[in-house]
Structure formats: structure tokens, C-alpha cells
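Before we start, here is the structure in question, set down as C-alpha cells.
By written order: A, B and C. Residues from 1 in each chain.
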Amino acid sequence: MTTPLTSSDFQIAPQRRRREQLVHAAFLASAGLSIVISVAIVVALAGNAVSFLVNVDKSALFAGGWFPRRGLYDIPTIVAGTLVISVVAMLVATPLGLGAGIYLAEYASPRSRRILKPIVEILASIPSVVLGFFALTFISPRLIQPLTGAPLSNMASAGLAVGVLITPLVASVSEDAMHAVPGFLREAAYGLGARKRSTSLEIVFPAAISGIVAALLLAFSRAIGETMVVSIAAGGTGGSLFQLNPLEPGQTMTAAMTALAIGSDRVRGSALTFESLFFVGLLLFAATLILNVASEAFVRRVRSRY
Amino acid sequence: MAVGVQVLPTREAVEARLRSGRADRLGALIQGLLLAALLIALGVLLVLLADVASRALPVFGERSAEFLSAPLSARPARAGIVQGLIGSLALMVFVVVLSLPLGIGAAVYLEEYARDTRATRLIRTNIRNLAGVPAIVYGLLGLALFVTLLGMGRTLVAGGLTLAVLVLPIVVITTSEALRAVPGSIREAAFGVGATRWETIRGHVLPYAAPGILTGTILSLGRAFGETAPLVMVGAVVGTFNGVDLGAMMTGSYTSLPTIVYNWSREPQDAFRALTSATIVVLLLVILLVNATAIFLRNRYDRRW
Amino acid sequence: MPEGSEAATLPTLDPSDVVFDLERLSCFYGSFRAVREISLQVPRNRITALIGPSGCGKSTLLRSFNRMNDLVEGAHIEGSVRYHGVDLYADGIDPVEVRRRIGMVFQKPNPFPKSIYDNVAFGPRVAGYRGDMAELVERSLRRAALWDEVKDKLRDPGTALSGGQQQRLCIARAIAVEPDVILMDEPCSALDPIATLKIEELMHELKENYTIVIVTHNMQQAARASDLTAFLTMGEDRAGHLVEMAPTEQLFTRPANALTESYITGRFG
């Protein structure tokens, strides 16, 4: 004769439940940590940045050159440097990266893709200091200088190196975007007697355009945040005048921060130079945040379509 | 183009048209251009590797062992990278000990426990944004928080914490992807026999996702190994300092392998160029080894049970 | 010998009427034979239906008519497919040209994420059409019985139409390259009954200018809409083979083969 079931038969053992709750709490805390980090970043940057803005002589912010040691903090100089290098980088990475991505997605056989993709991943894992060194010791003296007579440190070689740095990013994200286009669209095109190039370029590529724009935005964000290549190869140590010519040395936001941090631009005892570091950091953070959010928006458009 | 009723096509006419496909020259050109793009990108890699290797030869040819075991020095003939090796390894320990448990924990929460609420979506978006923040900004965070506010100063501890924070979002994202790849049927089967959520995760989900998680974390480590900007921000020495003692580095001056590359690349003399190249060779070998391990593991465990 | 392969009964056709002539066609995916030794003929300006239980290779057979199977890695054929007497799989025959003359409409409507106009214009454009595109688009949409419904919104995306309209758009798209044959792979299975009826009426109009071959698992549709029907089934080796082919009315009322009768009376499939 079996005893009838009661609700207590369906209760979990207290010890088991306690462990379950502890584990749940631990995991929740880990996730919440990410919010803490974000808040910390904003607070760390904002505190000092605001202090800088309050204390700095406003005219110094548009003084025509970035020379922290002399109290000149021309923001347009470092923004211009960042943009010049990033634009050069995108001019390199967009055709190379998209070309590679389209080839891998639409033309490469499974066997060649198995070989080529890991090589692209290897390219993606090269640290930026290595590319910075390459820019200074190879790209500039062997490519840029002979053709243009530019000084050894110039924004063009740094820009080319940053372009190489972000090309694998463009290639792999755009390849994923093209892969995500459903097969039935390709089938419809082939069924009409279209050739592979018409199908790839006129059907698949436009269908993947949101993902591709997301890739380019992400790459641009990466380019403006790039530090080591520009610190090593773009020049601008000791300060720089406003400069739009890529064949001249220039100063980016990131290189300016590096120079301030390692002390070459710092004035002992001056809180202002220390705070300027955070102000520039805040600008950079805001810019990359906007680009990343925009990139996210495009990725969401892709997901909603299919 | 043939149309149905009126004209009955002759066999010859049809055959002529079906064979007429002219050599698609434009298509071949386009395919060639796309392939060229890919090959140029890879070609740059080869040129870089060849250039670095050739510059590094004098150092390895003459004094490999000393190069790897000597401390930094203003004299290139005596300089070595041992401090960077020790520093980098110690930093990696920090990253492993801190970011892996926290990162995997956060991912487990988001994928296995959290319901799809606004808070959860906010956390997910937040983590994605954090992964896109430039490394140098993490350096600023480290400078303000660890070095200054918490008073750790320019020590390896501060550097290690900074790197751990930087790598954390990446670990969360790669682990989340690995967890999402676990088929729902695995969880259902475990729940079906009365396992609790944690028991399901520990006994079924995590083992299944382990290779993917392992691959992702190894790749994150490789990325952290090559990071320089944040360390420069929090005070890794860009110059020379004495001492090869780990204990001293924890609380005093320290450096890392990529930081040494940064430092020496600013010296124009040929001797330093050779040293920089040799350091790059060591750096690339480590990273290549790390990536190869990750890819090997991924391929090996890709067979699903 | 698999049941029915040599003994398949076929209608006799006037040679000048024959568009497709299959001789012992077998279709393989790698080493797996999906279709076994099919011999049949398809007449012009008629609707020929391929029916049979699911998995018996009807779609594979249909796709071999316009070399769509070429797109699958490892797919190949034995035997021959002759189109107006020309062996479609001979060396030197360009599959792209084949597909321009033998068009296809698929099971799930798959308009491009472009405007209605651009959907219809795509095929002729890549084929190098240099005439009046607007006129060709209108003519194709009229022939697909879609013009009146979309003439004021040609710039709207093709994906904004209803399922039935999308399928008619796909038909218009296929017509625009001015093919000789339209192959239809279960074109109505994703549509509601009203849309289905519209498509069947459309097919009836289309056969005046095109040869139509349709795969359907809906027997009633085959009985309603087609002029000839071929019944395929799967043999022990999991390969599809032809059991019987006859004028539709004859196949459904006085089938010559016992297996055919079993299928159409619902005893299997």
C-alpha cells in the first residue's frame, strides 16, 4: 500500500536549495559587475575631465597646436590627427577587407576557405606595437618616403598600418554578413540565369548591406581608438600643430594620451596636464561609444530582416 | 530568346544559343580583383614577418640565451627581455585568475538564469559596448581607480587588474556564444530527470560548452598578452629599471614584453632596431602558439556527441 | 528490377511537339542515387505534372531539367536530358544560358529584397536586355496576373506583398527573361486556397505561351490543373522511378498500373 503524495514530497531538500540560491547570487553578481565597470569608467573620466575644463584657460583649447608643456591644448589638432589617420586606414581596409570578405563568402571553395580563414585570423592577432614598428621601419622608409619625400614619422604610414590592422575585422564581419543571407535568394537568382558575379554583387551584397555597414562602423571605431601604431609611427612627440596633410607628422587623441601618461608631455606638479589626459579620454570614449551603438543598430536591422 | 507557340525552334538554333555563353570576362576580372584583395592582405603579413625575422637574425645568431635572460639596459649589446617575460607572465596570471571566473560566471548568469527583461538586455548591451571601448580608456580607468584612488601606485598589481577588467567583456561574450551553441535538448533532458538549474549547468551544459569556452578564453589571453596602451597608462615602465625579482615588480617597477617593444621602437639606432625585432619575434611566437592551441582545441573538440 | 522502371507506360507524342526528352536519366548526389533511369517526354504548351509521395525525387528530377542541381556539390547525372533535341549536359553547353530559357518558380516565394520593378527587371538586365525595360516589366506582370494589383506601387519592396502575390511576382520575374519553359516546384504549397486557385488559373493562361512542368504533392491540384501527369514513387533503393505517365484524365480514372491506383486512391503516400 503506497502512502498518498503530499505537497512536501515536491519540495526540494533545503541544502540543495541553499546551494542553488548561492550559486544564483554569485552569477548575478558577476553579471552586475559589468554595470559597475561601466559606471566606473564614466566616473573616472568625467571627474577629472570636468575639473580640467573648469581650470583650463578656454583659449588654450583652440590654440592652433597641441603642446601640453606650454599649456596649449588645441582640441581640433588631435581630433584632426585622429581623423586623418582613421580615414587613411579606412581607405585601405574597406577595399581590402570587403574584397577579401566577399571572396571568402561567395567564391572560395570549402577547401581554400579552410586554409585562408585561419590565416586571416592570424593577421588579426598581430599586436599593434608590431604594426607600429613595421610602419616606422618599413612602410615609411621603403614605401612612403621614396614616393613622396615625407619625413620618417608621418600620418600616412601610421594610417596604412592601422588599415592593415583593421582589415581582418572588416573581412570577417562582412563575410559573416554575406553568409547570413539565405540561400533561397541566391537560388532565385541562379534560376533566372544570373551568373555568380551578378548574384554576389547585385543580390547577396545588397541584402547583406546592413551587416557590412556595421562592419565598417566597427572598424572605424577601432581605428580611432588605436594607440600604439600612432604613438610609434605618426610623430607628434613633443607636440604638434594642426595638420591635415597626411604626409606630415601629426598627433592623435590616443597618442596624445600616451605622451601625457609616460611623462614626456607632463609638467611635474601640474594637475592640469594630468587632467587633460582624462578629458581627451572622455572625448575618445564618447566617440567610440556613438560609433559602436550605431554599429549595433545596423546589426539589429539585419536580425530583424531574416 | 525562344518564345513558345509561333516559332518552332530547330535543334541547330537552340544548340547554337545554348553554346553561345561568351567567356565571362567581366566575371573573371571581378573574381580576380576580389582574390587580389585577399592575397594583398595576406601578402602584407608575409612581408612583415620576413622583415622582422631578417632584422632579428643578428640578435638570435649571436646572443639568444643572453637576450632572453638579461634585464633591460641602455646598452643594446647587453639588453635583454627577461623582465618583460616575467612581467607578461605575471600579468597573465592576474587575467586568468580574475577574468575567467567572473567572465564565465556572468555569461552563465545571462544565458542560463536571466529572463529576458529590460535589465538583462541592458546588461547585454552594456557588455557589448564595453568590448568595443578602446584599450587605452581601460588604462585611464586603471590609472584613476587602481593607481590613484585605491593607492596601489604604478605596480604590476594595478596593471594586472587593469588588464583583467579589459579582458572581462570579451570572455563574457565568447562564453555566451559557447553556451548558446549548446542545444536546448541537453538542458531539457537534464531537467526532465529532476536536476536543478545549477546541477544541469554543471553536469551537462558546461561540459558540452567547455571546448568553446576554452577556445574563447585562450584567444582572449592572446589578445591581453599583446596589449600595451593600458599598461603604459597605469605605469608600466617605458625605459629601463633594475631588478629581475618578481616580488619587487609586484610592488614596484615592472614591464611587459609588448611594452619593451614600444620602448625600443622609439630608439632609432640600428642596434635597437635589431633588439626590437628580436623581441617582436618572441612576442609573435607566443601569440602564434596561443592561437594555434586554441584553434587546435576547437577543431579537435568540434566533434559533437 | 525495381518495379515499374522498364514497364512504365508513356503517352505517345508527336515528335515536333516534344520539348524535353529524357532517356534513362539518373540523378546522383555523390554516390547516392536519388532518381533512377527515368525516360519520359514533355510536350510543349501543356502543363505536365509530376506527382508521387514525398521524398521520391520529384524535385530532383525537375531541377535536372534546368541544371539547377549543378549548384549542389557532388551532384551529377547519368543518361540524358534533351531539350529541343539538344543534350543539355553536353560539354560546352552553358548552364546559365540553359536557365535563361528554362525558368523556375520555387516552393516558398523568394522575391529579392528589392522593389517590385527591380525584381522583375533583374533577370532581363543581367541577360543584357536592351529594349524598353518598363514595357517588359509591365508585360511580364500582366502575364502573371499581377499588374492591376501593383501598377501603382512598383517601387514598393517585393517582400511587402502577400504570399500569393509574391509567388505571382516570382512568376512574373521568371517570365521576364522570356523563357520557353517554366518549371514549378510545388508553387502553391505555401499558399492559402484562394491564392492557390489564382495560380492555377494563371497556369492555364500561361500554357498558351509556355511549356509548364509542375511538381506537386497535391493530387487534386494535378487532377485539376494539368494536361499530362507522371507518377513517380520511391523504390527499395530509395531512388525515385517512373511508374506511369498518361493524359491526366486517363491516369486518374483508368490508371494502367496497380501502384498508381493505390496512390491516387490514398492507400499510400
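The rule we apply is simple: a residue touches a chain if its C-beta (ideal position, glycine included) is under 8 Å from a C-beta of that chain, and two chains touch if they have at least 3 such contacts.
Keep in mind that what you see is a predicted model, and the values were worked out from it rather than measured.
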item	value
Remotest chain, subunit A as reference, centres from CA atoms	C
Pair joined by more contacting C-beta pairs (A-C or A-B)	A-B
Length of the line joining the C-alpha centres of subunit B and subunit C, rounded to whole Å	51
Cα-centroid distance, subunit A relative to subunit C, in whole angstrom	50
Subunit A and subunit B: spacing of chain centres that average the CA atoms, whole Å	14
Numbers and ranges of subunit C residues touching at least 2 other chains	96-98, 100-101, 177
In subunit B, residues with contacts to at least two other chains	none
Per-residue overlap in subunit A, given as positions that touch at least 2 other chains	195
Of subunit C, residues touching subunit B in the complex	16, 44-45, 83-86, 88, 92-94, 96-98, 100-101, 177-180, 208-211
Contact footprint of subunit C on subunit B as seen in their complex	1-5, 8-11, 14-15, 17-21
Subunit A-facing residues of subunit B, complex	24, 26-27, 30-31, 33-38, 40-42, 44-45, 47-48, 51-52, 55, 101-103, 105-106, 108-110, 112-114, 122-123, 125-130, 132-141, 143-145, 165, 168-169, 172, 196-198, 219, 222-223, 225-229, 232-233, 238, 258, 261-262, 265-266, 273, 276-277, 280, 283-284, 287-288, 291, 295
Complex interface listing, subunit A residues touching subunit B	12, 16, 19-20, 23-24, 26-35, 37-38, 40-41, 44-45, 47-48, 95-100, 102-104, 107, 116, 118-123, 125-134, 136-138, 164, 167-168, 171, 195-197, 201, 218, 221-222, 224-228, 231-232, 254, 257-258, 261-262, 277-278, 281, 284-285, 288-289, 292-293, 295-296
Subunit A - residues contacting subunit C, complex	110, 184-185, 187-195, 198, 202-203, 206-207, 305
